[in-house]
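The structures come next, written out as structure tokens.
Below, chain A partners chain B and then partners chain C, in two separate complexes.
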Partner chain A sequence: MAATLSPATARRRPAARVWRDRLPGIVMGGPAVLVFLAMFIVPMFLAFVLSLTDWNGYSLNFTFIGFDNYAEAFRNPRTVDAAIFTAVVAFCGTVLCNGVGLFIAALIAGNSRANTLLRTIFFYPYIISALIIGFLWSAMLSPEGAVNGLLGHVGLGPVPFLTEVGFAKASVILTIVWSHFGFNMILFLAGIKSVPAEYFEAATVDGASKWQQFRNVTLPLIAPVFTVNLVLTLVGLLKVYDIVLALTDGGPAGSTQTIVYQVLRDSFANSELGFGAAQSVILLLVTAVLGLAVTFARRGAEKKVAD
Partner chain B sequence: MATTTHPTTPAASPAAPAPTAPRPATRSRRRPAPSVGTILKWVVLGLGALVMLVPLYIMVINAFKPQDAIISSPLAITPDTFSLEYLQAALTSEKFNVVKAYGVTLLFVALVNVCGIALAAPVAYVIARGRSKWHLGLLLLFVCGLFIPGQVTLIPVVFVLRVLGLINTMPGFILFETAATLPVTIFLFSAYLRTVPRDIDEAAALDGAGKIRAFWSCVFPIMKPVVATIVVLNSISVWNDFVSPQIILGPSSGIYTVTTGVYAAVGEFSTDYTTVFPTLLLAVSPAILFFVLMQRHIIGGLVAGATKG
Partner chain C sequence: MIKHRTLASVGTLTVAALALTGCAGSDDDGGGSGGTTEVSMLVNVTPNLTEEFWNELVKPFEDANPDIDVVIQNPGAEGVAAALPRLLTAGDAPDIVEQAPTVEMAPELVDLSQYDWAKNGPLADQYSIDGKYYMAGIGFQLQSLWFYNKTAFEEAGISEVPTTVDELTAALGKLKDAGWTPIQTGGDWMSSHSLQALALPSIVGEDPDWFAHMNAGDTTFSDSYGDFTATYADWVAKGYVPKDALGIKYPDAEQAFLSGKSAIYPMGSWFAGTEAKAEDKAEIGVFRAPAVDGVDSPAMGANIASPYSILKASENQDAAAKLVEFLVTDQKAVASQLEVDGNFRDGYEYDMDDLGKELLQIVADTPAESYTPTGQGYGERTLPTGYSDEINAQTQALIGGTSADKVDAAMDDWFASTAG
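Coming up: the complex of A and B.
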């Protein structure tokens, strides 16, 4: 619709004129809308429709089985285990990435050269593909890898980082934290630097210690950045896949499989497309609900700043 | 000087690692020994930096070593066994043509950027300038894309692409990746365009330029900063994407990006370190180089993308 026309003048024009005025808008917006519908909205509805069927992905006949796939998702021990592990990764990952990120950001918030260098060092893994991070750590954590070699030198036996359930789970989480906290740190740094210097000066004059300044000045003022960090990390970790595939390939004994791992395996390798689609729809709902819930829960913390 | 009347004594918070502003020079001169807190802070940061850098170091030095040297001394630089043959082998591997993968991935990055921006900029302009509820609805439609994980739609996307005849082809992959960039791009573009005064388009309209021409010739050039942000975000996400090329292009197409190529080359031989480390080094080098050269833009772009999005 022509931006330069007020609605009143548009109404007075004959219909043909109105459409001619709208044409540029349609030409400009149309292609993007079409591409988005074809690649996002239609597939999303298709995912829901598929989740109600028992289609295997290639045969010509399939039947609608209602919500059986959803019921199966809550019964199937494989899916339940994957859901629990995904939840653990998302929770621990979010807490650790933001905790470490905030801690380091607080330490290197100054503008010195050393701090700029440290910022680069802590951040660089974020721009490397998660798959490659996974392979790199997989090579280092394997029984004869570099980490065990190092431990051997100080007389510690080989640690089964990737071959024993508990260790493997911890390895996945810590590898994610290693590669991701730099991103959180960068956002926290941006938040800390946007706090006006006068606030710190005023707090210093009032005799506040560095810790009190951090607790009572910095932390409340970076509440919006905190929310963004929490939501982005949580939503990102709920769909974690690449790093698990490369690091443990879901093992040992399937203990580190995540929901997306299950979705892709069921949909393609296992030819249970309907079941895969049902799990992906559940993931979509959980992601949306948790993302919105965190956003709203943080509203309170952010409001305090506004007052 | 105001800083000399600083009321906090050095002992006020010995253990608290503080969000420090640079310390005033007068104070450190008065106090020759650094406080426990400062020492602790640098120990923590030093150890942290070590943890971040050692994996990179291991990857680099072990790309030039034979298997037994990698296993016996993964951290040592061993000049006597130094050899370029493993890197050479990775570079010419039949399983994974790295140079071709660089080219293919770069092509994808470039095309997705061009297509994404060409599609998103005009629609963002329409949204930013529109006043009706339709325009708001359009924005909401794209914004809800921000909350849909790509992996959820990927399965049905395969079928849509099959219907379009684009599965296992480059155009199909570019179409999907372009669509995936639209939500963030449109959101940031329309937020930016709201800050561009309308006088500019109205002046162009008075000069007789059509609406579309006025946009591309007068408004789009003003969008340079936000376009740079988007190019950074899209480039990183397309370069690093693994699942979509793996599934949309598929092994049958014979088209490998850097990530799917690494998976094909390393996936099954993950205990042959003379393949693993050189391949990873080759795969990572362009990304690290890009990061070193563009660091300020990358970090600025990520911050802008995350805090405005």
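Coming up: the complex of A and C.
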């Protein structure tokens, strides 16, 4: 019988040794897994349980109401409007943040002092608190703010940046882009800097123009960075709240309320914790699905780099 | 119960965490000292109502009751409304809370019906829930008011304050013709204040059970509010309500009116407190929001000032009741609370200017049954959760040029969606 043992079985190590080898990994990784379970998985599960209740935040005697809160989330016009605006912010913001970030990164990728200064300037808005940015632009875009003051000096009438629905939505998106593109730019810069110089030298020898080098060398090689940027921006913008709070407070006419703005308002101002939890769970699922979808969609581009 | 509490506590944090990926912490307060009963009071701490003010307010009570130590709890930036659920679910509830009771809160509150000072206090009946009195307050915050610039009225040739909606509309026209910005309003929460000041005196004046009828589906928003949204849209179209008002923040709107840049300012009586402190200001008067012709007793929107409730979780309910009685009946304590926040109560005067005296007269002239909630309401007169936000958003739509019909339809749809 012993002669029939496969070579793999023959090489199998004793169980005690296997566990001894695994022990350091378990000891070092275990606490992190426990913290992750305690701080993320368990609360998420409890949030899901709460989303099935009518808990108002005061009484401990809530009742389970099944999926009524989920049905309400899809029926409530304010929640639906907030979801639509959040989708618009996430899509437009992701496209613009990455577009502008990539464009600027490509322009200032060189090693000159001016480029170093410009990188600092462009990245600076990202490190300012979103609330401060919101209040800052709220003051500048108000009817009597600096921007309308400047427009007045050149003979242009006041623009209702924050008081007309279309302008207010655009103002929110552009303010978000202004505050966020520096982050995308830095990641793109890191990606561009990691492209080996030999590739560009070879392309130059082959007579490729700067645009051709960018399109056929830089872009394919920074595909993984692109994916990270897209996912992080998309996920971040699906949760946007603080800039909206400070810039428009969801107005005018509730037109700039985002889903997180709605979640917090329903949960705490309106004492509908169960309903807020349901919206949070939906947001969590949508965020996860979109994040995974973008990651899978980008697999092809990343595979080319790996190959 | 313990499971519910754990679920609730963790859930509260989780909803916030899922939404914001923020962090939350909690503080543990120390216990009371030996020999005395410690009564904790969760109160709103504001630029007017500082911790120092609160401690000075309760000091005479502590002096008179050396066995009771009052601890002022500051809810911090989150405010009482947000802090209370967190403290309740954490099992760390205060003895007294300064917040108007709601139907949701009521099961957690002590029924104060046995105390005359609670049953006979300001707006006691309006705030009662199922016939039980869960709070006692110190006075009135009037809501249905139009403050006006006396110079503007003179220049526009208006000698008498309007007593009907038609007269008010006519006055706005005269003010516009005289070159004034007729109505000072703004964005944020204050947008709907003017629409409610226009509508509620008539709607509730004609139908005191309007809140109940709305909830029962006996009337609709467009049926009851429709004439007033139409009037408001007309005001917007004629420029009486500036379209750029939505870009104006509350403090800027207040300052614009105080400095004489606009003629009429729909605001609550607390504005008188700001006006009293302002130095370089226009000459300002006030009139109660009028109703349409034919409404004999216009309703007056009002909130309770400094409503105190006692938590059922309190182990010191008798001492807490003693403290609340002091806060809502002691002449000096009530007057100082009224004064610091610009509130009013007949029989409790403090040093006030002419505008304050006009407001006190309005309080004295208003029958108790004429007071009505505004916004989402309180006590048993409440509308579905989220109404205040919705009426504010739709008023902003009106100011932005949306037609009254569309706003009425949107509100009807909203009520239908809340009805399930």
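Operating definition for what follows: the second predicted complex is superposed on the first by the 267 of 307 C-alpha atoms of A that agree within 3 Å, B and C clash if a C-alpha of one lies under 4 Å from a C-alpha of the other, contacts with A are read in each partner's own complex, and residues count from 1 in each chain.
One rule holds for everything that comes next: a residue touches a chain if its C-beta (ideal position, glycine included) is under 8 Å from a C-beta of that chain, and two chains touch if they have at least 3 such contacts.
Just so it is clear, the structure is predicted and the values come from calculations on it, not from any experiment.
Annotation for chain A, partner touching more residues between chain B and chain C: B.
By the touch criterion defined above, A:252 reaches chain C but does not reach chain B. Contact with neither chain B nor chain C is seen for A:202 once the two complexes are overlaid on the shared chain. By the touch criterion defined above, A:156 lies against neither chain B nor chain C after alignment on the C-alpha atoms of chain A. By the touch criterion stated above, A:44 is placed in contact with chain B and with chain C alike. When the shared chain is aligned, no partner comes close enough to touch A:84: not chain B, not chain C.
Of the two partner chains, chain B is the only one that A:33 touches; chain C does not reach it. In the superposition on chain A, A:297 makes contact with neither chain B nor chain C. In the superposed model, A:289 lies in contact with neither chain B nor chain C. By the touch criterion defined above, A:55 reaches chain C but does not reach chain B.
Residues 42-44, 46-47, 50, 138, 142, 144, 239, 241, 260, 263-264, 267-268, 273, 276-277, 280-281, 283-284 of chain A contact both chain B in one complex and chain C in the other.
Residues 1-4, 7, 24-25, 27-29, 31-33, 35-36, 38-44, 46-47, 50, 103-112, 118-125, 127-132, 135-140, 142, 144-146, 149-150, 178, 183, 186-187, 190, 192, 197, 200, 204-205, 207, 209-211, 213-214, 218, 224-225, 228, 232, 235, 238-239, 241-242, 245-246, 260, 263-264, 267-268, 273, 276-277, 280-281, 283-284, 287-288, 291 of chain A are the ones touching chain B in the complex.
The touching residues of chain C, when paired with chain A in their complex, are 1, 4-5, 7-8, 10-21, 81-82, 84-85, 88-89, 102, 104-105, 107-108, 187-188, 191, 243-249, 385-386, 389-390, 393-394, 396-397, 399-400, 402, 410, 413-414, 417-418, 420. Against chain C, in their complex, chain A makes its touches with residues 42-44, 46-47, 49-50, 55-62, 72, 75-78, 138, 141-144, 158, 160-165, 239, 241, 249-254, 260, 263-273, 276-277, 280-281, 283-284. Chain B makes touch with chain A in their complex at residues 6-8, 12-13, 16-22, 41, 44-45, 48-49, 51-53, 55-56, 58-59, 62, 71-75, 119-120, 122-123, 125-127, 129-132, 134-135, 138, 141-142, 145, 147-157, 159-160, 164, 175-176, 178-180, 182, 186, 198, 201-202, 205, 210-212, 215, 236, 239-243, 247, 258-259, 262-263, 266, 270-271, 273, 276-277, 280, 283-284, 287-288, 290-291, 295, 298-299, 302-303, 306-307.
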